[in-house]
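To start, the structure under review is shown below, and the notes come after it.
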Amino acid sequence: MQISARNVIKGIVVAIETGATTAHVKIEIAAGQVVTAAITNDAVASLKLEVGKPAYAVVKASDVMVAVD
Amino acid sequence: MQISARNVIKGIVVAIETGATTAHVKIEIAAGQVVTAAITNDAVASLKLEVGKPAYAVVKASDVMVAVD
Amino acid sequence: MQISARNVIKGIVVAIETGATTAHVKIEIAAGQVVTAAITNDAVASLKLEVGKPAYAVVKASDVMVAVD
Amino acid sequence: MQISARNVIKGIVVAIETGATTAHVKIEIAAGQVVTAAITNDAVASLKLEVGKPAYAVVKASDVMVAVD
Amino acid sequence: MQISARNVIKGIVVAIETGATTAHVKIEIAAGQVVTAAITNDAVASLKLEVGKPAYAVVKASDVMVAVD
Amino acid sequence: MQISARNVIKGIVVAIETGATTAHVKIEIAAGQVVTAAITNDAVASLKLEVGKPAYAVVKASDVMVAVD
């Protein structure tokens, strides 16, 4: 499946914190650069996400903001 | 200003495409890794974004999805 | 690629309106039920979207609201 | 109230899973086609959502992605 | 129609800027406090939005961030 | 830090409800006008949010919808 989301960044799952319905998954996309995703517990299970396995962080361009110092 | 968004990734602006109301800003966050942001033309102007200048890509954790091969 | 987004709905592309930077793609997911997606022109091109071809509407669960009469 | 969100799809609530702060509501919009919404527990209560009752899934066009095989 | 979005703020439309596909609508929700919405041109037309008319800014709680100085 | 999000509204934190992974923060932006944000528990901690302290509600323009009666 190919998706319209312009940002698909490969990394390694480094942490999974499961809540009551919402899980936080951390993906290291470069040395010391970790992206946090808040997804459903269901998605963690159906994708069989595990610490140490490769995964992509996917973000729609309209959900990216820009900041400057 | 410090923001609740969990993902604030430093990079360099490598492209700005201005549309009628919406602009696409590309930020290189690592060698060969470019993030695309769709923001308002107004924001491009008020942040004085320019190709070659540093900027951060900012994404709320609830806007990050995860994918696997 | 398998994605964490809980909503992946198959349909047929019935309209593509390209703007300056943002395109509107309409996908018919059932008889008379059309979903509108606002995506980048770049995505329309890279996915080779065309009217009459099959496509999926994909929505993260945290982007779905509920309403009642 | 009429809303700018381009996607307002009628269905029946088929499941409600309440978490600590976030609930997952499943709405069947066609035979076998279920949409999942992650909303606040507060919203579930204030809309008096119940399994078996009609409800709409509402999605802003800019939150819809497109995918192809 | 009652919606799950937790933030429904009444105001007056003070500006509408129409682009190729995306419009920016500004709603004054308090003296000197203006909220900007990026919505489709189609929505502006179907809601018959006009400067000087009342309207609500509607935001899902999961789309609100918090910042501190 | 200056951000591209067009909506940055100052207020006072009036409630914080912490869940398993997701917290709900309520910010009063005008007398009787409260905005609800769903953010990570991590963000509540790292911003040292507390009831009674000033904070900003921040919303990207593409996440604001418009409604009319």
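Think of it as A, B, C, D, E and F in the order they're written, each chain with its own count starting at 1.
The rule is simple: a contact is a pair of C-beta atoms (placed from the backbone, for glycine too) under 8 Å apart; a residue touches a chain by one contact, two chains touch by 3 or more.
It should be emphasised that the depicted structure is a prediction, and the values quoted were computed from it without experimental measurement.
Of all residue numbers seen at the chain E-chain F contact, over half occur in both copies; the interface is built from largely matching residues.
For chain D, the chain with the farthest CA centroid is B.
Listed options B-C, A-F or E-F contain a single repeat of the C-D interface, assigned here to E-F, on the basis that more than half of the contact pairs agree by residue number.
Centroid analysis (C-alpha atoms only) places A farthest from chain E. With centres taken as mean Cα positions, chain B sits 17 Å from chain A. Per-chain CA centroids place chain C at a distance of 29 Å from chain F. The distance from the centre of chain D to the centre of chain F, with each centre set as the mean of the Cα atoms, comes to 23 Å. Distance between chain centres (mean CA atoms), chain D to chain E: 21 Å.
Residues of chain C found to touch two or more other chains are 1-6, 19-22, 24, 36-40, 42-43, 47, 56, 58, 60-63, 65-69.
Viewed as a network of touching protein chains, the structure does not reduce to a path, ring, star or complete graph. Contacting chain pairs (ordered by label): A-B, A-C, A-D, A-F, B-C, B-E, B-F, C-D, C-E, D-E, D-F, E-F. Residues of chain F that touch chain B in their complex: 1-6, 37-40, 42-44, 46-47, 56, 58, 60-62. The part of chain D that touches chain F in the complex is made up of residues 1-5, 19-22, 40, 42, 60, 62.
Residues 17-24, 36, 38, 62-63, 65-69 of chain C are the ones that touch chain E when the two sit in their complex. Considering their complex, residues 3, 5-9, 24-25, 27, 29-30, 33, 35-39, 43, 47-49, 53-69 of chain F touch chain E.
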